[in-house]
Amino acid sequence: MINRNRIGIAYSLTSFGESHGKAIGGVIDGLPAGIPIDIDDIQRQLNRRRPGQNALTTARNESDTVELLSGIFNGVSTGAPIGFIISNCDQRPEDYEEIAQAYRPSHADFTYDIKYGGHHDHRGGGRASARETACRIVAGAIAQQALATRGITITAYTSQIKDIKLDIPYTQLDLKHIDDNEVRCPNTEKAALMRQAILDAKQQGDSVGGIVTCIVQGAPVGLGEPVFGRLNASLAAAMMSINAAKGVEFGLGFEFATKNGSEVLDLFTNNDGKIRTATNHSGGIQGGISNGEDIILRVAFKPVPTLMRDIPTVRRDGTPTVLHPHGRHDACVVPRAVPVVEAMAAITLLDQYLQYCQQLGFKQ
Amino acid sequence: MINRNRIGIAYSLTSFGESHGKAIGGVIDGLPAGIPIDIDDIQRQLNRRRPGQNALTTARNESDTVELLSGIFNGVSTGAPIGFIISNCDQRPEDYEEIAQAYRPSHADFTYDIKYGGHHDHRGGGRASARETACRIVAGAIAQQALATRGITITAYTSQIKDIKLDIPYTQLDLKHIDDNEVRCPNTEKAALMRQAILDAKQQGDSVGGIVTCIVQGAPVGLGEPVFGRLNASLAAAMMSINAAKGVEFGLGFEFATKNGSEVLDLFTNNDGKIRTATNHSGGIQGGISNGEDIILRVAFKPVPTLMRDIPTVRRDGTPTVLHPHGRHDACVVPRAVPVVEAMAAITLLDQYLQYCQQLGFKQ
Amino acid sequence: MINRNRIGIAYSLTSFGESHGKAIGGVIDGLPAGIPIDIDDIQRQLNRRRPGQNALTTARNESDTVELLSGIFNGVSTGAPIGFIISNCDQRPEDYEEIAQAYRPSHADFTYDIKYGGHHDHRGGGRASARETACRIVAGAIAQQALATRGITITAYTSQIKDIKLDIPYTQLDLKHIDDNEVRCPNTEKAALMRQAILDAKQQGDSVGGIVTCIVQGAPVGLGEPVFGRLNASLAAAMMSINAAKGVEFGLGFEFATKNGSEVLDLFTNNDGKIRTATNHSGGIQGGISNGEDIILRVAFKPVPTLMRDIPTVRRDGTPTVLHPHGRHDACVVPRAVPVVEAMAAITLLDQYLQYCQQLGFKQ
Amino acid sequence: MINRNRIGIAYSLTSFGESHGKAIGGVIDGLPAGIPIDIDDIQRQLNRRRPGQNALTTARNESDTVELLSGIFNGVSTGAPIGFIISNCDQRPEDYEEIAQAYRPSHADFTYDIKYGGHHDHRGGGRASARETACRIVAGAIAQQALATRGITITAYTSQIKDIKLDIPYTQLDLKHIDDNEVRCPNTEKAALMRQAILDAKQQGDSVGGIVTCIVQGAPVGLGEPVFGRLNASLAAAMMSINAAKGVEFGLGFEFATKNGSEVLDLFTNNDGKIRTATNHSGGIQGGISNGEDIILRVAFKPVPTLMRDIPTVRRDGTPTVLHPHGRHDACVVPRAVPVVEAMAAITLLDQYLQYCQQLGFKQ
């Protein structure tokens, strides 16, 4: 379920905050009581997303330190909502005087300005800034910890930057090495090429797009609710709510369109008494419900539209102007989007898992 | 917002029904009062989806006649919920005795069986059957009529079947000719090739996948709600809730991943006093909010998994068995999915439009 | 959760239909799979509410036969939504020509007319008619069956008609005798007095109000969700959504206002190893959460505003007019409201029970 | 709509925080853009609720200073969510060591302990503490400011303490004088008697209950959504979610039960071309929808269960014990509940008003 600034029914995040306001934060509701919460681990996930971590990312310097304000007592969840804030430290509103007057192309300046009658906080994109995704990391990291107690793990990695594709299936990759490089690609050679592609774009004042692949392992058969609350529908909404995401696919995804049915059936097998599928073209979801195989999805991100070049545009009143490069920006959002994709998958999975627990609990 | 068998907040559809039960139907809630409802037009949309309409579709013979039970008085919407049913006429439960015992690969038999502890109605897929999408057509057709009063139109067409791609941009197509052929592709030559590809697959007892493109025209600037209720997130959930849908993308979609930012910026122009974009790579959505340009999305469908061939599988108890071909099925779901994509877009757009009206109405 | 024509999150009813349209009905979503459904029992509850059952009720003759269209297979719930309709048989739209022109005092004619711009179905109150509560009975009866499998029972009875109060606590009443009389009061003497009060009012072309008391037994400790989703908040919303309901209270309710704290503390006791309270002034709810004692609530109903007398009023255009008595109406809604109160309590309890099962199921 | 720690659909508050944690706070979502926000006025409402303000209230010393973190720019709402926190300053967790071991009667200690498996934060009631209502004041004060721009005002006052009733109708009271006394009763004589009743109880280490009356003026015809989302159902849920609230009624409320229909019809009149009712027994709501008259409701509060006396109870393990008086508590919650009732009414009214704006906006 998505509604404005909230996602989830049984496990939900309601977030707030603008890029250059006092703080961002949110309320996490629905976490069952009794789950040990590792705050260091939440911070580790935040650090994977935070700006200024390496040469590939924006120079904006934010520690992204989360402060948990409620819902945890003696290190364990209480069932009460978890309120949290992340202060904005490196605010430079003066960097954004120009965009108070002119619309940056392919940004949200124009749509927010019209939608909200000129009352939005334009500084650094305000509410439309990807800075908001830090709140998702908090809710996602906590969801990952809860899911881990049920044996469910979520792993995302960079699988494409521009034309450099990691074509090796995830089953043949060592997913422990994702963070060995700045690109978050678990293959050293491809990672190096991807890194260079990003640096090349950066040098030219340009940017590049890419793809994040996400794998959910250990999900039981039965997550997802027919017919609108399908697991893939919920995951698609979660992914497409990430800034710069422009497409999402499951299993073979768009490749399915080019196939015959006979090529892509996932035949059932009896695996030592357990019914499994011999292949997993479907990406772990059948009829909108998890089938016990790994859930596989891919999210396409557009190149960030802020370029270190002069960009022609118009002002609010329609007169032409030119935006001059300054501010601090990523040349590619994909490496920092990796933990965000994990977070959104975790929030969705825990939400669906708790709804699935209704039936489990009722039978007791 | 999606929750189990309901979609939408301000305008919502709650649907029910199984493929071979007495009837399918639903409740439409939130339609404003005072909108003239053309029942013949709803039926026309239903006829575009119904089985047995031509050589490309399953031989199951269903008239798909909708009966509207409430919410309309003297031909005009009253603001009260619209209840409706569509009777199932051509029920042949005996065709499905086999699948009571064996799981059809890449169908929902297995996941439903485990999720619901063996209590689901397996006949013809039961609740998982695409027959349920007829209910979406009813809610979608009514939404299309309401949106039309605000100048918003929605058009979908088949843009790919297997490797046959309609590469011509929609702006150079005559979208009035979509229904001139059975494939619902607005280009005669491509349509003929696509039709043949489907018939070839059918002759071989096989099936094929494809892509539906959908264009929304006339939407104002401002539809969509940050940050989770983004227009693209809502549309993605709606599309991925359609049976057999495996991917969705907006504007350039996955192609964005291969691009530099400098190639795909949608620069602003002053078009006779109106701010527009010179290109529309973004597909009409910026920051999750409509920007007044055409909204463009594409949905990938997998080949239907029911083949007219012997298929090895397992029974509930894990023992191997072979499914023999019978029953009545489409060799390609895409032409019939075209009106379903339109319906899901219409439901989502009207839902977002009504939320957008809150701000409009408040200012009065 | 209430939203327009829907109630409930985990277990929900979305209803539709007008008093003199083709049919009323609804969709029940969220019932767990595997619960045997006794259709005769649903019909029995409907019969307790239906018009024309005895001298106290309106002469409108409706069989109120429910047709279940989905979600039940081989007599057992499947987890899929249950669609149902109840046809309107005894439609006499011509009885209502007068109210097309004039607003009946203390009815919804005026508010609906203004809210919906004159487009509502005025016949017999249309959507505002209490006929709609039949749909709640269906969802409630099914919820009662599901709750009964967990040992939870719900019983309502008439405890006041005009100034005739049943002052005996429910613990000293035999609640099996509620249906022994037409008033549904489990005390023969009071029932006779109440019956006479209703008949007296009827003879004078007048009507009377009253109170329904409802007892929930067998609920575990822990139902209800802080802080807004409190059990009493949910129950209050459910009760106040019933036609003609004007007040609701829990335990001592309004009497609490007149008390000292020292008079009304529910002291804890150790009852053979089980912690119980010695008294139950609170009505089974502490901090918004069930405490394992019986849940006690009372709902006040106003006298029905349709009188068999000439009533001065205004027409739509503001000119004065007089409504002349005709049509078919109850002189007191309370006896027929008894099963409706049970139904609303059952829907709410099952909804909360399923949310409570999330935590139960998660621990498994 | 209520769901766990959230209330509202179009305008919603999601709150968090425990009595003795770091801070309480919340997220307000759905406020239209362009509304000037007076922060001093929010603080004034908070001050009416805060502890330690006078002789009648608990000595706990909290400044209840709200910090608004987002959603407001240059003093005007932006349409983005408003995050806020209120720090807990006067934390004395050591006061609550005793209740870690023993259940306070008629408090939520027991129900929370069982529901959350012993993991709740027991200090000062934790999440169950009325301290949480400060967050509602913030969302309510902002809603009141928004409603005021549409001519809608909300006023609550103390109308009963123990057996001292203010029987004068609000139309004959000067509602500007509510805050002239500590009890918040707009009649000097009654206020003095009420004050004495509270001080008497306090001196005896006891507590007293009472009633708050709330009046909404200026609401248009048409607020409220059939059939479950009725205005009175939404308001009832909002009111019954307040700590210690045990009953709610509209217009004549429970008195309706004792009346004949002929005594309580609200006859229509033509008031200089505007259709009004001559009386307002219904309390401004007909068929669940506002009819343009003043909305009148009353909320009953139980005496606070914390007494300054020795109280026998049981420990977690069921062994008997005695609670000794200490800590800091109100002898009567009613005067401080007055602004909370206003806040809950304002949140509900704005939520319904925005839904009503959908139809208004659609017609434009």
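Worth pointing out:
Every chain is named by a letter (A, B, C and D) in the order it is written, and numbering of its residues begins at 1.
Going forward, a contact is a pair of C-beta atoms (placed from the backbone, for glycine too) under 8 Å apart; a residue touches a chain by one contact, two chains touch by 3 or more.
Note that the coordinates shown come from a computational prediction; the quantities given were computed from them, not determined experimentally.
By residue number, more than half of the contact pairs of A-B reappear in one of the listed pairs A-C, C-D or A-D, namely C-D. Contact count check for B-D and B-C (C-beta pairs in contact): higher for B-C. Greatest centre-to-centre distance from chain B is found for D, with centres as Cα means. One finds 45 Å separating the Cα centroids of chain B and chain D. Separation between the centroids of chain C and chain D, computed from CA atoms only, is 26 Å. A straight line joining the Cα centres of chain B and chain C is 38 Å long.
Residue positions of chain B touching 2 or more other chains: 3-6, 9, 15, 30, 33-34, 79-80, 115, 117, 127, 226, 356, 359, 363.
Listing the residues of chain A that touch chain C in their complex gives 9-10, 30, 32-34, 79-80, 150, 226, 353-364. Against chain B, in their complex, chain C makes its touches with residues 3-6, 9, 12, 14-18, 21-27, 29-30, 33-34, 67, 69-71, 73, 76-83, 85, 115-117, 119-121, 126-127. Residues 1-7, 9, 15, 103, 105-108, 110-112, 114-115, 117, 127-128, 132, 160, 162-163, 201, 206-211, 221-222, 225-230, 232-241, 243, 245-254, 256-270, 273-275, 277, 281-283, 286-292, 300-307, 309, 311-314, 318-320, 356, 359, 363 of chain B touch chain A in their complex.
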